[in-house]
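The data blocks that follow each hold one structure.
In the two complexes that follow, subunit A is the common piece, with subunit B as its partner first and subunit C second.
Let's look at the complex of A and B:
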């Protein structure tokens, strides 16, 4: 069981958290073409190595935050709060 | 005479405390401090088991957790336990145990016919033999017979009388293994101020030193050093010493699972003690001092009882004072085994010969020299070609490696050593890579991404002084890895001596006896020939070899055999051992009782139970309760003599005729506050929200990102910037999480604050034509249709038995009748519930449960999550396409235009009425012709059904292909599982009051 460093509460057992998927995804603009929406909803990278992802501390502070985790070892390289606001997609 | 094989003195046993025990129906005696195995050996019992596949006689092979053979059934009524390793089971007074896998007895076992038939039972035989007739049906029949023949032990047939507990612990340094290296590491870490936990799997600390006089430390006997170190560690408040505790698994971030056995060694376990305690230890750093496990050498009939590992032989002689036999042959490829030879000799066992695979020139070590000086016969460059005997070894044939005539040596004990395999299991579980040392033919720990530091024999330091030095260095390094400040310099670990016990890699003696088996894996009856056969048949990867031959499976997981198997595979393929690689080491290291995993989380304690504010009333009034997620909800309130179905029908009918009240506290409730709540609602619901006035509520549907319906419910505007959202009971948590995500990540600019208030509010729905009359007696607001119309919301005071309390009233209807929801703080749930019932008495009020609620909503055609909304339905499928506001964006809307979501044959919500009175079970398939041969095209399925007391008919909701264009058609609902075949008429999903006059009136 991973020990996840919540940026607000400190390290806590994985059972307190919910996984939220790829942290780099951005919802397309409302008028984006259907293909952009299909990419956003269905297509995911499955990297072997560091992965930026979202976690939710549901049994703690109820915050969403970002974690960089190595998918090969489950080592958490860093965790950070969501703010400051994310830059828009290039 | 009992214990005739006990030495007159010596051993770490308490000769003043004799213990009686029973094995296979015979009464024996042992001493406190014995294991079941040592006590059996003290009574001359070597034959204790029959093997798994061939039912060959087997004896005690080891003296520890790695035991492959001596698996016994402990008979303690409900506490019976199969596959108990006799080598680790501590003897207690009155223990009753017996052999497994044999009938009628271990001495004469009918199953041994399998041994004679072995030419037709090679590796993978059942894949080859039972392939005809080629249908799965026959294989299933064969498999049943094979399973019956192959079983290991009997599972208990009655519930476990014991209880188990869990203990979470945190420490700076966890030391796994309480031998010399582990104790040295623990002391070094504790001296540096670290919080330390030490796990030791056997009852005593000291590892192989315990009870065995080997060497001295700082000019003191080694045992004194152990006692002194234990005393020192015991005094420290921040050191926890756990004996009888096996660290069985390593999990991410240095979480180690360990199992502590508290009562397995007691004749009558006290009721208050848990049988075992599962520790989950989160350590900042781990020192792995798990030692090394001796392995054997394969030769013909190397499984005869009386054959055991050399280190085990020494342990039985020294620690338990057991003279194993009258004469012994020692077979070795290293110096370590000579210690066993000398120990046996000193105990009065005649050493017939020491057979050593190494050349004369390699026997220059101290121990071989001592053996020679003692006058023992050394046979260098020789091997045991074959052992002879029936139920016990009686002699061995020894041949020179270079070839030549065999010479027979009589013996009733054969002590074998093929070298030592470091117990790298937990290091490997910690994703640690292993490094193969060809000189000692062993895998050693290399590097792990986690802070786990090997020390002692597992790290290649076999001598006492080196193990202790390595332990001290590892303890200090662990403190540093734990992030603690260290004063002074960290000692450097000693250099690993090349080949400390002078091993010459040697795995198996080439056999010239076709019928004589050379065993690699004793527990699974895997022979040298099986490995060769599997290789020929193409199973050439280590993992494939394991699955095909079962090498390394079972309760011992190949602790004494894996490396031999890999080496033989490598020989077959012309590859080196590291090229072959190892199979994956998985938890648990040794078997863990299943009961320990749930601990106290059993029966009603598997999950938390949630109760509403009215729960006590429901219980007092005969409600039958059902689980709704974690909640307990009333299903119905049967009267004396009334069936549940009859009660639900009565309750549902009364709602349409008079008035009823139902507990709806389990609905998810989320308070939303802020200026931008309408903007949030517009983005998450398909319909429009910026027009919602204060004091009004609205029904809404939420979609997933892919356009499929996610949840539904109402949201009310309580004040200018204050809203209350309700969700379905099932989605209360996930919708809260969804909103948190949207507000925190996607739209942090929105001025909205959200919090769950599900627990804080009790809610009751009052419905029926007389609901207004009841409510008017209860609240201090005007509830006339003009002042408080459909979808109105108001705060008010509700009159209760002694005063009044603040409440919220919502004019919402799930039943389709004139209805109101009354929300009050949870603590007031019961008093308000009772006040409503009092006020309604004159109007024929009855409480109703979830079953009547379901009947009412099916009659009304209302959908529920999980039945109609099944993760595939769109808003259009359930007839809510008009709710999708065309002028605004919302989550899920962009993908709604996909052609497949708009095809004319989409499964759409319809209502079904049974043509002849019969139920249509949920899940029943809708077909045009029930008697058509399969595959019979499925047109849809029944999603919800009930008997409608108000229509006096069986009705159902269903999802039906092109459903809305099929009104009036007749179809069949068929369910072979429920043996149902019902003619149904298709119609709209709303059976009662489609124009909504009742709920608006």
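Let's look at the complex of A and C:
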């Protein structure tokens, strides 16, 4: 059982959360070339080790936040809020 | 290869089973091969077998970092079927089912194919429509499909709760009679023995640590047993395609997730059909040893751990008890997890990668086992001829950027949703 540390509510049972995928993706600028959009929508680093990912605390504060978790062991290394909003890549 | 037969069995029984030959050799790697296959599971061994058998390429090595069939080949729930809606999937998986039907004879190894039928239960009028549509699509593609009423299902599977006041009332089901199960370990062993007898070198405990590229073409692999030269590499590594492709600088549209499965203690025969329910996210069959083999959804987070967490086990077991209340007295004997390479459209990638001489079969989501023979067949074709077989021409890496995704479920680019 994973105990996920919500930055707003503290550690809670994983069944309160929904997974949101890779947190390192950045939406390209609207006029970015098509290849940048293909990379953003489809390609993933899929690391075997520490992974920055999004989680949603649906059965709690209903906030999205970031978790760094080791995909080899499921050990959670840290969690953080996602504000201030991330600037889009230039 | 010494053929297995009733005569070899009787002869060896008379000598106390002390003189059976080894099923395959244990060679040291040579310096150079025509083709190197990375991954000694079902897909890699099948690729090597068909390279030798169909294309006359016998200077082939299969490199396996652990032992044969120790990854997902030994972790799946042994179900085979071809009940797909979209044309590329339907034709590809039906080639696989046709190969399964005669694989024991082709390999001279009993893979215990059992055409016990795969039944997808439906619980709502909307699900009836979807099942009818998929069944009709299958029949148009020449695949067997049959819609069963609630009464027919109740007669066929007496311990399934078909009462109208069940937690998830059953209103019908789509049956594929040719679907069923295959003994998973036997697939790896059968292909290994047959490939070895055709001259393929199967090298275990040999991990690939790098892929050598010269002038945009592969020239060899670095391994824990030294460098091996080759001009063609086939990747068949189940849950680690991203890592191996990255050795050649290729980034894939894949996330790796953990899928769990579990078995009950063994009991006498109680269930002679594979039963699944999309609404309950549950499937079950009974193994020849008597265990009830069951599984459900992914754990829904990236993982390479080969083990999952308890909430999904509880989910699967509660689905089981909703459909089969009489199984509530059984004890769960064992649970395990395997790593699924989930693609962005839920369909596999079989074909050429953007480095000359590099090929892959992977991204199997949770449908890899049933695809083993066809995957090996078309992967070998692609490697031997440097162009795809018609049945894997749609499963390219480029389809994502070209807007040609094969999204059976219509779930979009969320790999954990397929």
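Simple rule for what comes next: the second predicted complex is superposed on the first by the 87 of 90 C-alpha atoms of A that agree within 3 Å, B and C clash if a C-alpha of one lies under 4 Å from a C-alpha of the other, contacts with A are read in each partner's own complex, and residues count from 1 in each chain.
We take it that a residue touches a chain if its C-beta (ideal position, glycine included) is under 8 Å from a C-beta of that chain, and two chains touch if they have at least 3 such contacts.
Everything quoted here is computed from the prediction, not taken from an experiment.
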Inquiry  = Let me test your reading of the model: by the given contact rule, A:2 touches which partner, first (subunit B), second (subunit C), both or neither?
reply    = both
Request  = Return first, second, both or neither, reflecting whether A:46 touches subunit B, subunit C, both chains, or no partner chain.
outcome  = second
Ask   = Of the two partner chains, subunit B (first) and subunit C (second), which one does A:74 touch, if any: first, second, both, or neither?
value = both
Ask   = Just subunit B (first), just subunit C (second), both, or neither: which does A:21 touch?
value = second
Query = Where does A:38 make contact in the superposed view: on subunit B (first), on subunit C (second), on both, or on neither?
reply = both
Remark   = Shared subunit A footprint, subunit B vs subunit C, residue numbers 1-2, 14, 18, 34, 38, 41-42, 73-74
Ask   = Along subunit A, where are the residues that touch subunit B in the complex?
value = 1-3, 13-14, 18, 20, 27-28, 30, 32, 34, 37-38, 40-42, 54, 56, 58, 62-64, 70, 73-75, 82-83, 85-86
Ask   = Can you list the residues on subunit A that touch subunit C in the complex?
value = 1-2, 14-15, 18-19, 21-22, 34-35, 38-39, 41-46, 48, 51, 53, 69, 71-74
Request  = Please name which positions on subunit C make contact with subunit A in the complex.
outcome  = 240, 242-243, 251-256, 300-305, 309-311, 344, 400-401, 413-416
Interfacial residue positions of subunit B with respect to subunit A in the complex = 251-255, 282, 431, 449-450, 705-706, 733, 737, 740-741, 744-746, 748, 889, 894-895, 897-898
